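Both of the next two complexes hold subunit A, though its partner changes from subunit B to subunit C.
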Partner chain A sequence: MVEFSPEVIETIIRASALLGAGFAMIAGIGPGIGQGYAAGKAVESVARDPEARGNIITTMLLGQAVAESTGIYSLVIAIVLIFTI
Partner chain B sequence: MKEIKDPKKLQKKILKTTYLIALLPIISAIAAGDMESLLGFVFGLVVATLLLRLKYNNIIRALNMDMESAEKFIRNRYFAEYGLYFLVLFTAARNPSLNFLAAAVGLFMIKFTVLLLSVKDLLKDTFQSQFDRYK
Partner chain C sequence: MSPGPAVQFYIFGNQNLPVTDTLLVGWLTMIIILIGVKYLTTKLEIRPNKKQNVAELLIEAIHGQIEPMLPGEGWKFLPFIATIFIYITLSNIIIVIPGLTSPSADLNLTLGLALVVFIVVQQQGIKEYGLFGYLKSYAEPVIFLLPINIIGELAKPISHSFRLFGNIIGGLIIVSLIYQAAPPIIPVPLHLWFDLFVGLIQGFIYGMVAIAYISVAKT
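Showing the complex of A and B:
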């Protein structure tokens, strides 16, 4: 059986953590695309019904504020993986 | 919350509720004498407040554009904000006088408040409809 020295094991763990951080960052792309799509649809809605502008802005503000949470969760996980392991 | 049609009033209500809820961890951190957590939490909360205001300004700007430009604009702004979030979390992780997890919770406070207010509205609607049914 192959035995690894503690330095090699530590390097493997560190490399895996960095790889995991990179994979976690993929989750940051989704909210950006979704928010952009929602903004486009909001513009379309305001053009169709200008009186509903206030309502659309409030809905969009709430939606976008919550939608980006998942992206930040992944960022937190990535930073924890980078700095604590 | 859904009866508020004015975005500025909604923003004020969200921030007021967030600060009220934030008083609890702030007072707890002061009572426990945990200054790193207090500073981290306040740091995250202040940045989250500023980013909410930035988001509002971006939305107002986007609504005056055409559909494709608005889509591109909001997407690019999201990635710029993501960079700011990264800077905040990076600073909290590297600086020994700031607690990283407290900064992360501070950043999430506004989102938790929005979810909390939405759940409150949902429960209110559900109980109101049940009440109306039995009346």
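Showing the complex of A and C:
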């Protein structure tokens, strides 16, 4: 059984928190795919019906905001891991 | 560099009554809105002059967003929704003034407004269906889903507030990281994107999501 000094333990905890923050941001893939899909579909709709542009953009922004939630949660978790531990 | 509001001073030196950046800049935002509204709406007439046109354009634009989602009740909800739209948007973009931090980068402000929206949503649901019918709507389609419905309802203010908070503070952290890494002139165009564009879009989305929650509670 190896005994670690408190400084070593502190460093290991800090390093793990920073690694965890990095891993948490992998969740950024999801909102990226979701928002891109919504934007692509909106472009198709505007090309088909240019008069409904305003409504389509409003709906697209709302959908993207909901798709973004998971990414924002991961960002908040990463901020908590970096700044509080 | 640390996130969260910085305490400026304490009221009467009492450690339990801190006055933060959020509070000071929030009051500054309110003063700017009050002065702006007072300036735009002096001398209202039937044939509007230039200033009155600007005010009417703003109000009509917000009313035009509420009316399709809450048919027939656009003017009833206008004061509440327009407050959210104008206050959140202005507090997002007030960081373009050097030396000020955005009140929206503090979870206290965003969560506070999201809780106000949450209370309005519950009140509208009770008004629409009555207290018993409203409580019954949590047990639909089957009683088995009751816990999931309650958690889904409680998640609304959390996601509503964290979306704005995360967007604004994410932008602030990225810009301050680039300020540390690059000479002072390079990060300046980034303020256009992170402060102005993201701030305006997020202010719009915050209000639209509030309208969407109210309209979901009434259907």
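Brief remarks on what is shown
Heads up, the rule we're going with is that the second predicted complex is superposed on the first by the 84 of 85 C-alpha atoms of A that agree within 3 Å, B and C clash if a C-alpha of one lies under 4 Å from a C-alpha of the other, contacts with A are read in each partner's own complex, and residues count from 1 in each chain.
Assume a residue touches a chain if its C-beta (ideal position, glycine included) is under 8 Å from a C-beta of that chain, and two chains touch if they have at least 3 such contacts.
Keep in mind that this is a model prediction, so the values were computed, not measured.
In the superposition on chain A, A:Leu62 makes contact with both subunit B and subunit C.
Of the two partner chains placed by superposition, only subunit B is touched by A:Gln35; subunit C is not.
In the superposition on chain A, contact of A:Ile79 is made with both subunit B and subunit C.
After overlaying the two complexes on the shared chain, residue contacts for A:Val46 are found with subunit B alone; subunit C is out of touch. A count of residues in subunit A touched by subunit B and by subunit C gives the higher number to B. Residues 58, 61-62, 65-66, 68-69, 72, 75-76, 79, 83 of subunit A lie in contact with subunit B in one complex and with subunit C in the other. Subunit A makes touch with subunit C in their complex at residues 58, 61-62, 65-66, 68-69, 72-73, 75-76, 79, 83. Taken together, the subunit A residues at the contact with subunit B in this complex read 28, 31-33, 35-40, 42-44, 46, 53-58, 60-62, 64-66, 68-69, 71-72, 75-76, 79-80, 83.
Taken in their complex, subunit C has these residues touching subunit A: 2-3, 65, 159, 162-163, 165-167, 169-170, 173, 201, 204-205, 208-209, 212.
Residue ranges on subunit B touching subunit A, taken from their complex, read 1, 4-7, 10-11, 52, 55-56, 59-60, 62-63, 65-68, 70-75, 78-79, 81-82, 85-86, 89-90, 93-94, 100, 104, 107-108, 110-111, 114-115, 118.
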